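What follows is a pair of complexes built around subunit A, which joins subunit B in one and subunit C in the other.
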Partner chain A sequence: MSEFLYHVPNNLDDLFSTIKKHGSSAALLAGGTDLLIHLKVGKIAPQHVIDIKHVKELYEKITFCSNGMTIGALTTLINITKHPDVQKLYPALSESARKVGSKQIRNRGTLVGNICNASPAADTAPALLIYNAEVTIVGMNSRRTIPFESFIKGPGKTDLKEGEIVESLFFPFPPANSTSNFVKLARREGADLTIVGTATLAASNYETRIALCAVAPIPFRACSAEYVLNQGGYNQQNIDKALEKVVHNANPISDLRATKEYRLAMVEVITRKSLENSLKILTN
Partner chain B sequence: MENESFELEFILNGESKNIRVKHYWTLAEVLRSQEGLTGTKLCCEEGECGACTVIVDGKSVTSCIVLAPEVQGSNIVTIEGLSQDGEIDPVQEAFIEEGAVQCGYCIPGMVMSAKNLLDENDSPDEEEIKEALGGNICRCAGYYRIICAVQSAAQKYKEKVKVL
Partner chain C sequence: MSITIADKDTENDLKIVGKNVKRSDALKKVTGTLDYVIDQKMPGMLHGKLLRSEYARAEIIKIDTTEAKAIKGVYDVLTGENLSQPVPRFGSIKEDQPLLADKEVKYHGEPIAIVLAVDEETAKKALKYVKVKYKQLPSVSTIEEALKPNAPIVHSNDQDNEKTNSNICGHWDYNWGDVDLQKENSSFTINNEFEFPMIHHFPIEPYSCISYPVDDELVIKTPIQHPFILRRVVAQALNMELSKVRAISNTIGGGFGGKGYPKIEPLAAYLAMETVRPVKITLSLDEGFFSARRSSAQVNICTGFNSEGFINYQDITIKYLIGAYADSAPRVAGKSSYLACGPYRTPNARINCEAVYSNTVPSTAFRGFGMPQLIWALESQMNEASKIVGLDPVDIRLKNLPEKGDVLIPGDNPVDGDWKQGLRKAAELIGWGKDNEKNKGKGIAIGIKNPIPASVSKSIVRLHADGSVTVSSGTSEMGQGAKTVMGQIAAEELGVPMNRVSVNLGDTSVAPFDTATAGSRSTVSMGRAIKSACDDIKNQIKEIIHELYTLKTSEEMIISDGYVKVHEKVISYAEILTEYMGPNLGEIVGRGVFKGTKINNHPMGGLADFWEIVFTASEVKVEKETGKLNINKLLNVSDVGCVINPLQAEAQEEGAAIMGLGHTLMEQLVYDNNSSKLMNGSALDYRVPTSMDIPDNFESDFIENHDGPGPFGAKGLGESGIIAVAPAVAGAVSEAVGIKMKDLPISAEKVWGLINNKK
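On to the complex of A and B.
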């Protein structure tokens, strides 16, 4: 690992002035489960590492208000999996957080870190997409909220400008009479990156949302497939037609985990499984 | 930058420590090289295998991907800190009795993950054991006996509580 200085600001003013002082030679550290790997393999070699865990304005707690839920920059994946209301209201988020790495990784890793890393395989991204999550971004003199859908710009690239950080994520309540879930295909249960990951939401009025990770440069919503189901309902013929559209939207690569062809075949299988899981709950 | 060091205060296996570390050292390096606690193993050094698992403030973590300065003020327990009054922990006892140890390299990490699980859940079922130990790889592939050992350790803890 290359040499760097560790900084631990305890408020936002301090954080922003430390970022400003060191500019592009600094990297932010939350749980470190992505950052430390990047440092170790030499993908990045910052001269300064800024730990955000002690910034008093950033928080770990999960809060609910009249129209949804807020998750802070410091909320760990383990706390998301353990929260009974997250499990009840946002099952795809709860299940996808549980699928990230191992318990040791979830004990330290944050949800915000998972999306800021902007990996095509970020397991929690499909859940954020189907719940229409919003990202609140703060800078020294700025504050803005954007849909998560426009936050990830490319592999490893986000909408964050230099000097900005993610403060929190907001999740509007899902539609009434709807259900959702996440299905992940990987080679091994503990600590393995996803080959195909799908989150779906289905509702009694046929409002449908489908999102995937690990099968395109960025996680995405399969809008044309959603449209087929929104319009035509959940009969077998329509589901088959929608799945064809999902496969058409996917654009996977071959890597050491799976070939492009295998991923494409599995997009259909995993998305069908996730949809069927949702429909089973919905019809009960 | 070479001369910069970080003053780190923390509790290690019940003992207060105040040491100087490099900003870019990992917790695993400090435990092994500076504190001489070589029970914590290093293998993949990328958070994948669990050999370096220790407990920080009640949570199991892979110490190869935690920076030493991050544990400022924390309470850390390593495999060396489990025995009390010269007696090994019931988890360790169970691993020995169940024959869960082959080459032994993964075992300190396995034991720490198991200990962390049993501290949170005194009667885990098989699925819960697998989830808690899913981040620990055993290349001698003794998983079956390791799971038996965790079940037996849970029993031992309960009996110990009854006696007290």
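On to the complex of A and C.
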């Protein structure tokens, strides 16, 4: 591990001036579950590490208001999985957060960190996509909110500009009479990188949302498939047609975990499974 | 004088053996305070970090260490050229592995330079400044390529090679009966080729050793299973007397064969002698992938049966792909292939085995010592045979299992247990014969192995003046619980409570000779040595009593439970010693030895002390859409003769079964065929089962007929649990969805591909 200076700003002003001073030679530390690994293997060698855990304006609480839920930059994955209201209202988020790493990782790692890492296989990303999550980004003199769908730009790339950080994520309440879930396929039950991950949302008025990770350069919403179901409802023929479109939207690679051929086949299987899970709950 | 030494060989008399005595290191393990080498420091210690080859095979044109040497805190940077010439080589079978690459690298990840620095961070940093110029050479990483007529030769100058200018490191033939004759007489034959992948041991404790000089002696402290082999190998490589090298086996955080034979120790020892300072070399977890693996194997097996389903003959050709240096791989090949016909009565056999060099990580001993590879083939073959002949998989096995006392391999010890009892027990526990739900199946398989023939174990047990006891043994503690078990054996034999027995393990300057902590042999071999040392103590007590009390021949003396009964008096050991030598003076030193049966010209060097046998059964549900396997049940029944510590025995079997699930379901080292580079040598890409992957119903059971050669009728265990997992699972998968697996791991994608006829 290369040497670095460790900074602990305690408010946003300090944080931004520290970031400004050290610019691209600095790395941000929240949970550190990715950062430390990258530091140790020499993938990155920042001269400054800025710990944001003590910035008083940032928070780890999960708060609810009249139209949705806000998750702070410091909210750990374990707190998301444990929160009873998240389990009830946003089951796909709760389930996908539980699939990230091991318990030790979830105890330290944050949801915001998970998405800022912008991995194509980020387990929580499909849930953020189906809940139409919004990302609030703050800089020294700026504040903006963008849909999560336009936040991830490519593998490891986000919409964050230099000097900006993610302050929080906002999740509008899901549609009335809807249900959602997340299904993951990996090589083992213990912590593992995803081969295919799918989150779906289905509603009694046929509003449908489908999102996937690990089968394209970035996690994505399968809009054309959603359209088929929104319009035609949940009969077998429509589901088959929608799944065809999901597969069409996927663009997986072959790697050590699975071949492209298998991933494409599993896009259909896993998405079907997730949809069926949703529909089972919906019809009950 | 008549003397009774209480007979402990009946179960009811046992007070400590057979009980769940808590592991001596349990508290330290769960509190994270056990003293592993990786956490140890010494004053003035230098830290070594290795630079490893980027290529599988290349000529080293030039290594520039100038920049690295200039870094503050760097003590020295050494390459093969800087060592004494010719570069010292080491190896337990062939002295073929240079301390650092000698002009040519032979595998991706081979050490080519070492940085010595004041701390590990500095050494790591300096590695980046060592500049190497290579000239790439063609390489081989598969059996097929390595055996091609014009294949690149891994050891082109090696006179030892079986055939010069070939990659065949060695070959072994075992024959009995007349296979060719039986080929005409068999009513049906089955011919298959099975493959078993390269597997890494993946110990959670990374390799780490410290070596330091003391006067003209050299000490090596390291997590090593076989300290006496380490001592010999280092003494040979550095041209030293055995008495000048002290190998200390520090507690081991996972060995599995990967820490059996020397790896980084000879280099650390050399550098300690050169620098006259303590030298510590620590590898990262990922560097373990460049240090040791299981040989992959290709097994062609042709079995002839008669019309009733009895085996007529086995015609087996085995090719093991070993690495760039021999390590212990030739012994793995030669020894396992000897038992390629497994546990079955085989009247005619032709076994041909080759070990083939390649430009890959050296392969070595790995739990099961070649048997998982061969049993995978043999038991998959039996599953297929059962279908063809129309017999139940359990019945065809019962039919072909020998009885106790029958010959297994001509010229070796006969069958030493009731194997049908074990198979029936496994079948009963899994619920064999009951109908399976849809996409569910059951599988059963038998694993077998022999320990190290003609091995030697010695032990010293000291009875101190206060009646407490110290056991010294060359066995290592690698998690298998030897420290506890050896203590239990001595405590039981001498009638002393466990808390009065101390156990010193694995230090060559303290303990007498032991062959190895391997082959599931220690409880039997070292256990016998300890028992005989305890008998020696009792005989010395007898002589002392005789001298002290001038016994008349008619008088009786009983030694039992830590006391001696004589003249109607009950005397403790401490009282006897005090009376004989004076208060708090002296001790009685008992010497014990076990020596396996050595036979000259026997292909194994001697007889199998016992047959380690296991009956594995599984119930698997196959998720057809994804190909994913859910192992609902997995159980092992091992014939161990007598369980010394039930808790530990179960833990050994369970640990082995989980490792077996690893190679069955997910593990495999992947080499790029063109570059021969290791593609998944990291904890992230190479997956092993976690606690989340353990079957819901996971059991170990034992057959205890007290018919083993070890103390209290024990046989060995520890490896058995891994041997037959793969065929037991594959058999269940075949029952569930009708597909035939011929290679491992049984990944979801592979199952999905077979169900959907895709390759």
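Observations on the model:
Methods note: the second predicted complex is superposed on the first by the 284 of 284 C-alpha atoms of A that agree within 3 Å, B and C clash if a C-alpha of one lies under 4 Å from a C-alpha of the other, contacts with A are read in each partner's own complex, and residues count from 1 in each chain.
Note that in this section a residue touches a chain if its C-beta (ideal position, glycine included) is under 8 Å from a C-beta of that chain, and two chains touch if they have at least 3 such contacts.
Model, not experiment: these values are computed from the prediction.
Considered on the superposed subunit A, subunit B and subunit C are sterically incompatible, since they clash.
A simple residue count on subunit A separates subunit B from subunit C, and the partner touching more is B.
Looking at the shared chain after the overlay, A:Gly101 reaches subunit B, while subunit C stays out of its contact range.
When both complexes are overlaid on chain A, the residue A:Phe151 reaches neither subunit B nor subunit C. When the two complexes are overlaid on their common chain A, residue A:Ala191 makes contact with subunit B and with subunit C alike. Touch criterion met: A:Lys53 reaches subunit B, while subunit C stays clear of it. After overlaying the two complexes on the shared chain, residue contacts for A:Met1 are found with subunit B and with subunit C alike. After overlaying the two complexes on the shared chain, residue contacts for A:Tyr234 are found with neither subunit B nor subunit C.
Shared-chain residue A:Phe220: touches no atom of subunit B or subunit C.
After overlaying the two complexes on the shared chain, residue contacts for A:Tyr90 are found with neither subunit B nor subunit C.
Applying the stated touch rule to the two superposed structures, the overlap between the subunit B and subunit C interfaces on subunit A comprises residues 1-2, 102, 189-191.
By the touch rule above, subunit C contacts subunit A in their complex via residues 121, 124-125, 128, 625-626, 628, 665-666, 670, 679-680, 684-685, 687, 689-693, 747-749, 752-753, 756, 758.
Subunit A meets subunit C in the complex at residues 1-2, 42, 102, 185, 187-193, 256, 258-259, 261-262, 265-266, 269-270, 273. Only residues 1-6, 8, 29, 32-33, 36-37, 39-41, 47, 49, 51, 53, 78, 101-105, 107-108, 189-191 of subunit A touch subunit B when the two sit together in their complex.
Only residues 1-2, 4, 6, 22-24, 26, 45-48, 50, 53, 59-62, 65-67, 69-70, 72, 113, 116, 130-136 of subunit B touch subunit A when the two sit together in their complex.
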